[in-house]
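Notes for the one structure printed next.
Chain IDs A, B, C and D follow the sequence of writing; residue 1 opens each chain.
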Amino acid sequence: MTKPRLRIGLIGTGFMGKAHVFGFTLAPRVFDLPYELELHTVADITPAAAEAAARRLGFAHSTANWHDIVTNPEIDLVSITAPNALHKDMALAAIAAGKHVYCEKPLAPRASDALEMTLAAEARGVKTQVGFNYLCNPMLALARQMIEAGELGEIRGYRGLHAEDYMADAAAPFTFRHDPAGGGALADIGSHALATAEFLCGPISRVMGDCVTMIAERPDGKGGTRRVEVDDLSRAFLRFASGATGSVEGNWIATGRKMQHDFEVYGTRGALAFSQEHFNVLNFFSTADARGRQGFRRIEAGPDHAPYGLFCVAAGHQIGFNDLKAIEVAGFVNAIAGAPEPFSFRKGLRIQTLIETIQASSRAQAWMDVP
Amino acid sequence: MTKPRLRIGLIGTGFMGKAHVFGFTLAPRVFDLPYELELHTVADITPAAAEAAARRLGFAHSTANWHDIVTNPEIDLVSITAPNALHKDMALAAIAAGKHVYCEKPLAPRASDALEMTLAAEARGVKTQVGFNYLCNPMLALARQMIEAGELGEIRGYRGLHAEDYMADAAAPFTFRHDPAGGGALADIGSHALATAEFLCGPISRVMGDCVTMIAERPDGKGGTRRVEVDDLSRAFLRFASGATGSVEGNWIATGRKMQHDFEVYGTRGALAFSQEHFNVLNFFSTADARGRQGFRRIEAGPDHAPYGLFCVAAGHQIGFNDLKAIEVAGFVNAIAGAPEPFSFRKGLRIQTLIETIQASSRAQAWMDVP
Amino acid sequence: MTKPRLRIGLIGTGFMGKAHVFGFTLAPRVFDLPYELELHTVADITPAAAEAAARRLGFAHSTANWHDIVTNPEIDLVSITAPNALHKDMALAAIAAGKHVYCEKPLAPRASDALEMTLAAEARGVKTQVGFNYLCNPMLALARQMIEAGELGEIRGYRGLHAEDYMADAAAPFTFRHDPAGGGALADIGSHALATAEFLCGPISRVMGDCVTMIAERPDGKGGTRRVEVDDLSRAFLRFASGATGSVEGNWIATGRKMQHDFEVYGTRGALAFSQEHFNVLNFFSTADARGRQGFRRIEAGPDHAPYGLFCVAAGHQIGFNDLKAIEVAGFVNAIAGAPEPFSFRKGLRIQTLIETIQASSRAQAWMDVP
Amino acid sequence: MTKPRLRIGLIGTGFMGKAHVFGFTLAPRVFDLPYELELHTVADITPAAAEAAARRLGFAHSTANWHDIVTNPEIDLVSITAPNALHKDMALAAIAAGKHVYCEKPLAPRASDALEMTLAAEARGVKTQVGFNYLCNPMLALARQMIEAGELGEIRGYRGLHAEDYMADAAAPFTFRHDPAGGGALADIGSHALATAEFLCGPISRVMGDCVTMIAERPDGKGGTRRVEVDDLSRAFLRFASGATGSVEGNWIATGRKMQHDFEVYGTRGALAFSQEHFNVLNFFSTADARGRQGFRRIEAGPDHAPYGLFCVAAGHQIGFNDLKAIEVAGFVNAIAGAPEPFSFRKGLRIQTLIETIQASSRAQAWMDVP
């Protein structure tokens, strides 16, 4: 009757580290999980920082050396929220030690690394997850379910977007995100637009990319400037295996936009329109509505849209970003107990492959098949 | 360096009980609280239900007798989320035992009861809180701050609303909410509109009420019907002590509306418009904007609007209903450590007084001063 | 086969005079009217102004004396767009001369005057119209048709509004609109909210008013100030003969609002929400929609919503304010040929009666039956 | 003092013919034009249809032979609203006869034809205009003025769109619009998106197109089917001469969309967002707004945005599609009197060139410089 324990080690305590903890804390109180979650050890840069984080976030132990986590036999699951460049080493070490690995996106700077990580995890038989949290939204689940059930008919056109303005200020200094290994706007946030596109419409088979660097140099923080090579804004034309066509844009210099993770999908019998800035809403148009009464219908998330009802008893109350993280955690914990992995390393690899194909297509100025 | 512990007893494990637990769980991970929170004991109807709830929600102990909680000397804070009719007995018992009391709204069916509870708590020196969670929204804090800072000039007009449709179906059976002790639409949700009105514009001094019962009888669940006496829809004209005038509506038969907790406030130099269905947004009009460039500005909650930034690193991610509960918990825990009580029993009494004055005014068909 | 001519005299060449001309010019090109419209004579303050207006607006003749129009036997229809205080004399003179009269709102400062005008017109057998142009919107026709057809079920609650900010500046000088004969916010724009309420939900039987003057004096234009007695903001509770209840607000100091002529109407099976700022859209909620797929549906005006299709071949193009005026003109011209009058002096009288009952109720601080 | 007359001949009496007449009728009443406009002759397919149209629309004469219009020495201006395939012959004949020519878009099926027409008009010294009416919107004028004045800083990114659903039904029969000479979605409505893009951001220098036919055959109206070669949906990446980059989409199978002529433009200091479905509104974000008070500002068209004030005395009343046509007419009439041509054949040629370059780029699957 007592549930088995799943002991968690967390590497990184920044925004995403905290978000993981919110998820680990909320998930067992919202869902009936197969495990009891135990916050075992947290790793940060210094012993003091790690100890403070442990106290604040509720971990029993702390360390300044992430290897302590991946080698500790008591730990079952390793959460990786450290800078992108470290994901691979950490994940491979954790996999080698037989841990389940929950890694923030992007999985790795290069698809080749992501492939290595994926194959290692599959060979070792551990479960993996990449944090594509927007896909955990009940309204995206609803959208996919409506598309699969044919409520839109056959899909013809897709328009996806992820635009923010956090890199719009050219005077903001060069950071790891401007390093080619960091990836640029397409890898950083365009990846969300790609993940959503495939989540809803299935595999993308062919792309034509247009990756642009608008801010060609940034202050290096030492009084000089540093050349920026990554994209600020990327667009792609898409062909889906289904025959549908579409486009996506990833843009981190979209002045004024804070979370324009939007899509519109048009089918022969209906359409959906969504904006992450109102992520508890899905707009639905149906040609089945009576003449003179047709229009986009603003469906608000409610108990009819699982698992919303586990968070809020009635529509309109709204779940937040951290609740999406709880849904993500629940998905991974269930996967560890045997359910399908909602967003495994293999899927993270897939997104990385899409990104690199778009980038290569942009460089070649030619359409390319997605491998 | 170790924080003192604050041991919590929770009575009730329904939607609001769960929301309290979300709050207790999230708050210490989001805020730097003066206490370490410990989920000590939970009470439910039967031992089995209580034990299951304890396991699921993370309490160390459980009981089927709420008196065990209020009398347990180990417990510091009692959360009351049981049906409204029981609030008074539970709160008075907890106060008598020297516990801090966190009670869901409405505090009590009658202002006289709320007064008794308030005076008891103040006499005993314990801290109290009523769960008016919508007031915990960073955008409402922003609205109040803008009004106080004079960004709207002198306030002239206010329009407030809380409309939902959860009682719109006349075939839905009579419940405790239809009992005069339960209070009706004004007490149940109009109370939120009143709380917001005073939160933003200060004391209401005079009211004219219009309380209407549209569904006069409901199925009694035994094949017959039962007469409904409480209001389905209440309106009031308002006079504020400041000289502003306004109106509110509480409505639980507003077909299609899920969370229309909205307000507009008009001043001599600006205006605000808000809808709870997009509660991470505040719309602001300023006459100081340049001619030809004026318009309502859609401000999205972000790190500039504390404490949003403790939940999400950037604007647009959005906090949810349960995050508001975490803010509410943090406010109460800080109050226990000496900060002002954000929404004490005395304020709960105030709302109850407003409700009853509006109801009396409606019966008398006459304006009435708010005591 | 040639259509008879209807010769038009226009008094007043301001905003509304011009709007009438737009209407007279567009209507015969949009609708198949029973008459050919001829712009015969226009009257303005001075001969020069009148002559210029004639040239600009397309009238054959001009005059500086409005009596020339009402006494000219060649003229069939007199349009009155002069200041409100002159409506009565002009209309009575035109009626006495057997002209059809099209008068801008408000019909007259007092219901007693409106009654005199109404009875005179009915006795003389001429057709009359008051310019309540918002009612000419195809989406309001749709709303009424949906309500009448029972698509919303039985109506329970109504919330109406007409708020603007054109009197929000306390430094703006006293004008004829601030004169008690001019009427204040309720008469000036609240009248639209009342007209829409009855257009949709039928007769209002009982009201409780709250009329407020917030700006008690204004510059008199001569260096001094003048006391303002009319209301800046008026609210009313409503009872409809149908059993529905509701509220309206008229407000000309609603900072930031330009055309908040909005309503929401809630029935047992559906609801409508409308905003004049997007008057080509009607939002419709139906409980008949499938579970999990319900929501307010944004219906855009299109050819299914007559007479929109006569203006634009497809939805989304949008008609504008002056097009509403063309619909209004067509309605009146058809009435002259025998169709029912869409908004006769009797209906103008009705609105004036509602206004005065609300004002009297506010003064008496008591509910009043509408005569 | 009397204005010279400008005598108008109209070819075609469908939706666009009627819209031209609305424009000719409204414009002189709204604007102080340099000419008096006279509706001289209208041409339709049969004498009876032409005569009926003349009576209904207010023309003095009618004809079933369009040559009568272009050769009539009394006529100064020829409006061409006949099917696209006839534009060229009609325009060349009118130009040869020394008429000013106002032609609906698209100017001609091929850029080579448009070039011939342009050169003929310029050689003959007549004024020309193509009906890109969405550009006549005061809010687009405002947008351009804001961009030119540097209110957005340097433009970096542009996203444009024109999507409707009028060809979404695959069972709808093959029409002239499906003929390669008709052009497809890009030519028919994507042209608007291109015109707006250049109107706001200046010349497009380079494109990469993606033109897609989703409905490959349609009923031929005789029981069989006919192959469709034109695009249903076209996308393009854009490079502007200014250095900005962007994208556009033209789509006539966007289920549920009626008038999604939208754009977003992002600069270093601000951004604009616009939707034709609310074309009296422009949304403006400025980084100059105070911290914590930034957001997209909903500017409603009003008298500050010329020439709106000539139509409506106050913001919020809204102009409609036919009012845009009146602005278009006024622009052309002023051009005939010597002002710059707002949208001459040369500009129509430019749009046609953009369309064909995008189509060629799509076929070649390669970026192309715009000639």
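We take it that contacts are C-beta pairs under 8 Å (C-beta built on N, C-alpha and C of every residue); 3 or more make two chains touch, one makes a residue touch a chain.
The structure displayed is predicted, hence computed values, not measured ones.
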**OP:** Compare the CA centroid of subunit D with every other chain's and tell me the farthest one.
**Re:** B
**OP:** Using the touch rule from the top, work out which pair, B-D or A-B, shares more C-beta pairs.
**Re:** A-B
Subject >> Chain centre separation (subunit B, subunit C; CA means) in Å >> reply: 42
**OP:** Report the inter-chain centroid distance for subunit B and subunit D in whole angstrom, where each centroid is the mean of the CA atoms.
**Re:** 54
Original post:
Just curious, how far off is subunit B from subunit A if you go by their C-alpha centres, in Å?
Top reply: 34
Original post:
Considering subunit C alone, which of its residues make contact with at least two other chains?
Top reply: 257, 294-296, 300, 302
**OP:** Using the touch definition up top, name the residues of subunit D that touch subunit A in the complex.
**Re:** 152, 156-157, 159, 165, 168, 170, 208, 210, 212, 214, 232-233, 235, 237, 245, 247, 249, 251, 253-257, 264, 266-271, 273, 285, 287, 294-296, 365-367
Original post:
Where on subunit B is subunit A touching in the complex?
Top reply: 15, 18, 21-22, 25-26, 28-30, 32, 56-58, 164, 166, 257-259, 276-279, 300, 302, 311-323
Subject >> Complex contact set, residues of subunit C against subunit A >> reply: 142, 283-284, 289, 291-300, 302, 304-305
